[in-house]
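For reference, the structures are reproduced in the following blocks.
One chain, chain A, links the two complexes that follow: it is found with chain B in the first and with chain C in the second.
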Partner chain A sequence: MSGNVRSLLDGIPVAVKDNYCTRNIETTCSSRMLESFKPPYNATVVQKLQDAGAVLLGKCNMDEFAMGSGTVDSIHGPTKNIWQSGEKYTLLRNVGERATSVEQVQGCNSTHGSKMVYQELHHLSSHSNKEGSSSPSEEGDWFIAGGSSGGSAVAVASGAVFAALGSDTGGSTRNPAAYCGVVGLKPSYGLLSRHGLIPLVNSMDVPGILTRTVDDAATLLNILAGHDLLDSTTVQDSFIPLDLSQDIDISRIRIGIPKEYNCPGMSDEVMETWSGVADILERAGAEVVQVSMPHTPSSIACYSVLNQCEVASNMARYDGIEFGLRTAENRSTEELYASTRSQGFNETVRGRILAGNYFLLQRNYPHYFLQALKVRRLIAQDFTHAWSSGIDVLLTPTTLTDAPRYSQFISRDNREQCASQDYCTQPANMAGCPAVTLPIKLSKQGLPLSLQLMGQSYREDVLLAVAKWIETAVDFPRLQLET
Partner chain B sequence: MILLYSEGKSVFTFALPALLIRAWTCRNFSVNNNDAKHFLSRKVKSYVSPTSTYTTETKFKNKKQSYWKSVVGLEIHAQITSTSKLFSQAGTEFGVPVNANVSFFDAAIPGTLPMLNRRCVEAGVLTALALSCRVNPVSFFDRKHYFYSDLPAGYQITQHRVPLAQEGVLEFHVFTPGSHHKPYSKKSCIKQLQLEQDSGKSLHDEEACRSLVDLNRAGIPLMELVFEPDLEDGEEAAALVKELMLILQRLGTCSCKMEEGALRVDANVSVHHEGEPLGVRTEVKNIGSVRAVGHAIQYEIHRQVKDYRYMPEPNLPPLRVLLNDQPAVPNTYRDHINVQCLRRKLPELPSETRAKLTNKYGISPESAAILVNENVLLQHFYDIMEEKKSRDPKLSTNILIMELLTILNKKKLSLEASPFPSHTLGEIVDLLQSEKINLVTARKILQEIISGNSMSPSEVVEKYEWTQITNPSEIEKVCTAVIEQNPKLVEQFCSGKTKVFNSLVGKAAKITENRANMATVVQVLTAKLRKIQNP
Partner chain C sequence: MHRLWKHNIFLEKFWFLQQNARSLNSKIPPTPIVKPIEENKLPPRTKIDQKTIDLLERLSLVDFANKKGIERLEDAIRFADQIRVIDTTGVEPMISVLEDRTLYLHDDIVTDGNCRKEVMSNAALTEESYFVAPQGNIPLIPRDSLLTEDENLDQK
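So, the complex of A and B:
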């Protein structure tokens, strides 16, 4: 109002996942339990966005209490992937600054205000009938957006907002970002404040950043990172803002390819994308080596146990007394709790609570929770071994395939889906290290195929610099909805 | 009937003397109700909180002539004196309106996180040091899960795995005035000291069929002190609690106001025949309604099925304190609490004060204990001795303990409401010490002043001519008069009834209106009577 520009984000529309507390604005976590819940405060990261002048357009759909990998388990209904959804869009390519042997045009990122040149235009209207498949606009057969931050990913992918906040506990930001063809950044644990982020797993949750470009992700990170007194798990060292203006010398980078990430169920397309980018890097002079992270296959089981234990604990506060849903039960307090909780939570949430409470029983605790903590340490050590052997970043797929169809996705239950979908993403949550997914190219179905980079804790500078280099090199087309 | 719960843990919480009165076993004889009543009639200052209504009785089976052993272990919850709560910035004042001191975190609003209050850790460390505990350089916070309406988050943050401090000891004297037991010294070992949240309060309104929840107390910082079961009876337990209260009040870490719930004592009591294994049978008494039966049983079930599903608190990093002074403190330790620094700030502890009183002033350990137990008395004592160093400490102590307390008790006045400033009491000591008055006169002076006479003691003595008769010739005269006026008594004495001597002394006192120096009277009278017996 004073005419001064507050920051790069001043006036920029953003959206946040519906598990961020926004003062006096419904924060439902896509659950009946919080359907009418209006928090009395803003989450720290939401406050930072507002202080920077960003305009909050709305709250984004998610899987209930962030439990899921499809954004299909929500009281608001599922979120559809914008890609191949039947909506008309054009695909734009904007090329990096330096002229390559193929493209000759200069251009920069839109938020930096420079000119953009269209290189190719693709018109993709209703998907023509492939044999055996129905048209995507038919109910129940569209492509999922991924989860649990599916709403945030689609909001960015569709151009409704320039940036969105998700959350990432086992891949919940990176998974939908990969399916929706946007950049999804999971920062280092402890870098961004979780105050006001309704928790899933306190020891793994981080606020996730979804944007169109790596530069935008860095801009958001610079605004959101830093110690918060209200969150005792944030690091106290002062945060040095990232500067990605200088191009990285890729020949000085050592890329690790962990062989265990080649897992059953991974599509050929994803494998090709993975090796393709490894080749590009190698040709440009980077050192690309295979590494081993032997505890990766144990990660899912370990994650399940820790996740469910924390869920059982974190969900204990939903009793209908102080806030949220309260059923009409008045026979006794215990009856009120039981009734509220069975009506307020969906099956997935209730299942995880029961499992978690089982694991936390005194007689079971050493065999499940403690054991999982030990395995977690081993998984984290896989990463530290990689770093100490000179690796700068690890390159892996983000998901096993391009976005699944909804009908296919719901044919397996939530637990099974998470178990396979989260394979590549949740080791980074176990270790706490930063990871970013970026779209590389389109699949045969015209859906985004993405890859993931993981870096050392608090070295988002290296991580995003490499990501930006790849982004420029692959020149993934940007989706623009036809109005 | 309104029922107030404390957190669901071990034995019911109630004020300590309720324990003394109802679940009590002497060491060597079987108990029946008469003993309890007898105990009641002794002068024990009541700590019973007006709101505690649950009591637990241990029933004694009626075996013949058996030797019962009892074992008592205390668990004490002390609210830490601090401006804000343990993990939030809400206030802690007592008596504020319902739900006035509740932050978002205290109400378990989703997305809120705990912030550790530094002052509470310091208070815990200070207390641990005063109790000779070993302070752990690293300790952790855990979640203890159970569902109850006064626990909004569904779990309490406590320290289960590694508490702040362990392995301390509390030494105290077991000494109840009026009891025939000799005072003795006793130690109770402290298993651990941990920091944890207090719960809120819930009231169950039977008529309106609803429960009311007040979260003012939710999140208030507590120190839990767990003692080993090394006490033998209620007297020892009471003495322990009294000593602990003295220490905590000196440290300033707890107000110890039991009527405000600042100090709560749980006792685990077990009774068994010597040689047989421990057995406990507890009964819940005083349940006042059908609904309350349900609650009480639910509560008891919780109490017995104690699987709290402990889990580390993921939102709080390990609590680190610095044990040793670091010569060159790197930046990372800047915020850590320095235990050595706190140790230097420890005030003089009650045991040290008692030692000082006996060593420096030569008063008896029992008197020293009484002075230390009542801060007002102790202050009087220091003032009296400071004003005039030549005053006899034993005499001063006697005036305070025997005379001052007696007259205040008679007039039903508390020490704080006493109308005797230190210098007045000091003056009385001077008058006694210089033998200007005797003890009876001293009491008369106190009576005068408490009845409203604003004169100083010396002025009173002068006005009423209460000076002591010490002149030997005068006393001679009096004794002669006594003998002359009571020939029968003299005859009885000479024929062997020595007890009547007291009556003769009494006569002398009467004649002199209690102003004679009694010691001299006794001397002279004895001599005279001997002369009569052996001419």
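So, the complex of A and C:
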């Protein structure tokens, strides 16, 4: 309270996903297992936000233990996408210093001083809360926010917070960012500390950053990146803060289009969006080439094996003794553990633990787990080959379609959904390289369509510079809620 | 030069918003390259037997809950079978993407601790400064087989 401004984030409202430990604030991971868990410490990235003066507005809804791609499997209820939710909003086009376009939608100038709409945040994240809803659509007819960081994405998209933290293991930050029309950054593995981020897959998890603009994402990254003594998987290289103030010369950039990223189920609109941005880049002088990343089709199956195996290990800590849910079972430790875990975990979590332990059985270990580790190397090599052939960034879709309807999404179970939704996003987690999703335009249904850029590890400078260039070129409309 | 660039961006935006032609940029793959692997190329579909169910439940200390849980596992295994047909001869397993770096060590100095109250603050059951657990080394009580779940439901 000395009156000194701590940083660019001083006084700025932020929110963090509910799998980040926040001192004395409930951290539930949207699970019964941790329903009343109050960590006695802050996650490192949360502490960094606080030290920078950011104001924590709340914890964001998520799929239970970050397992899911819809934010529908949560003890707090599912999260609705704000787009086409029935809430009234205006669409603003950014009349910044770059564009000469006088195209103004509804005459509003956009600024960073977004209104804090607390009640909207609560309302939007709770399926069962009907107050203030002007939606003519029936229950179950809304669009999902994506997952597993759906709450974080909606918090940013609705303007309730300036930035939110998500986590990204297989696309959990980029998927909801794509559906909710915000920027979702997955930094390089090892760049941001995972201390205090309740782990899902230790070899792939990274904290994710969700913001409205690429500049904001860079601001957050500059505050959060850096070696942490408390996380031995953070790299020791000194982090050079990003400076995006200079325009990038796009004619010096080589963009790769991996042909394997057109997968069955991809909508025409997503394909057209992908093509449209490739056109814009080419016409501006960038070199756009098609590349091959031949192991992409098997990446998602490989990811599923590694994910389930690490989950089986990571979830072993929940036994009801030191923290978390504990049933009244008294007969034996085994019975206590079994009953606590069966009550505390939902079907998805239990399913992954069982599958993971299956793959780790002695008789299956070489055929599934070891094989998956080898395939992981092949996938990572696909990326290395792309970079060594002179590619600066890769341009791909983020998701297969615009946001699905809730009723349609829940018709397939969690495991099935993740098996197709994560197709474009999880390879970056397998290789550890940074990736960013940015909204490009609206679909026929009025929902955001987004694209993904992937870059070399620890080259977020190039990645975000290209992202910012595209962001300026496409001028995606910003949603402003009417209060 | 800058004005020309700004003008170009304006035209790009205009053109982009108007585009609804079906012709894609030549670098974009027009059709999915990926073809689902045929069933006969994969190893036979795994059927989970009772012995495996018991073993997995004992190892995981969670239960399958119902027959759907077993089917879900069989689907997960089927999905994972795709990687079994990939040729990985001579490929080393990749444990971590940071494999080229050395794990660093700390100096052996105490920098933390003395926080018993915080450590125990979330335990549901404690006694003085101990965590409390029931007796160990007692095997789980076996229950009805889930494989015959449908039959049992019919009989009820």
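Just a few scattered comments:
By definition in this document, the second predicted complex is superposed on the first by the 442 of 483 C-alpha atoms of A that agree within 3 Å, B and C clash if a C-alpha of one lies under 4 Å from a C-alpha of the other, contacts with A are read in each partner's own complex, and residues count from 1 in each chain.
By our rule, a residue touches a chain if its C-beta (ideal position, glycine included) is under 8 Å from a C-beta of that chain, and two chains touch if they have at least 3 such contacts.
Since this is a predicted model, take the numbers as computed values, not measurements.
By the document's definition of touching, of the two partners only chain C reaches A:276; chain B does not. Applying the stated contact rule after C-alpha superposition, one finds that A:203 touches each of chain B and chain C.
When both complexes are overlaid on chain A, the residue A:473 reaches chain C alone and has no touch with chain B. Look at A:354: by the touch rule set out above, it reaches chain C but stays clear of chain B. Of the two partners chain B and chain C, more residues of chain A are touched by C. Legend: residue contacts after superposition of the two complexes on their common chain; A:189 is shown touching chain C, with no touch to chain B.
When the two complexes are overlaid on their common chain A, residue A:323 makes contact with chain B and with chain C alike.
Contacts of A:384 after superposition: neither chain B nor chain C is touched. Judged by the touch definition given at the top, the superposed model places A:308 against chain C, while chain B stays out of reach. When the two structures are aligned on the shared chain, A:332 is found in touch with chain B and with chain C.
Overlap of the chain B and chain C contact sets on chain A: residues 37, 39-41, 203, 229, 232-233, 312, 319, 321-323, 330, 332-334, 337, 357, 361. Partner chain B is touched in their complex by these residues of chain A: 20-21, 27, 29, 34, 37, 39-41, 43, 194-199, 201-203, 229-233, 309-310, 312-313, 315-317, 319, 321-323, 330, 332-334, 337, 357, 360-362, 365, 369. Chain A contributes residues 37-41, 98-101, 189-190, 203, 229, 232-233, 235-236, 257, 259-264, 266, 268, 271-272, 274-276, 278-280, 282-284, 288-290, 295-298, 301-302, 304-305, 308, 312, 319-326, 329-338, 341-342, 345, 347, 350-351, 353-355, 357-359, 361, 367-368, 370-378, 380, 413, 415-416, 419, 431-432, 441, 457, 472-475 to its touches with chain C in the complex. Chain B contributes residues 104, 107-116, 143, 145, 147, 149, 152-155, 209-211, 213, 294, 298, 307, 309-311, 314-317 to its touches with chain A in the complex. Across the complex, chain C meets chain A through its residues 6-10, 12-14, 16-17, 19-20, 22, 24-25, 27-34, 36, 52, 55-57, 59-65, 69, 72-73, 75-77, 79-84, 86, 88, 91-98, 101, 103-104, 106, 115, 118-125, 131-141.
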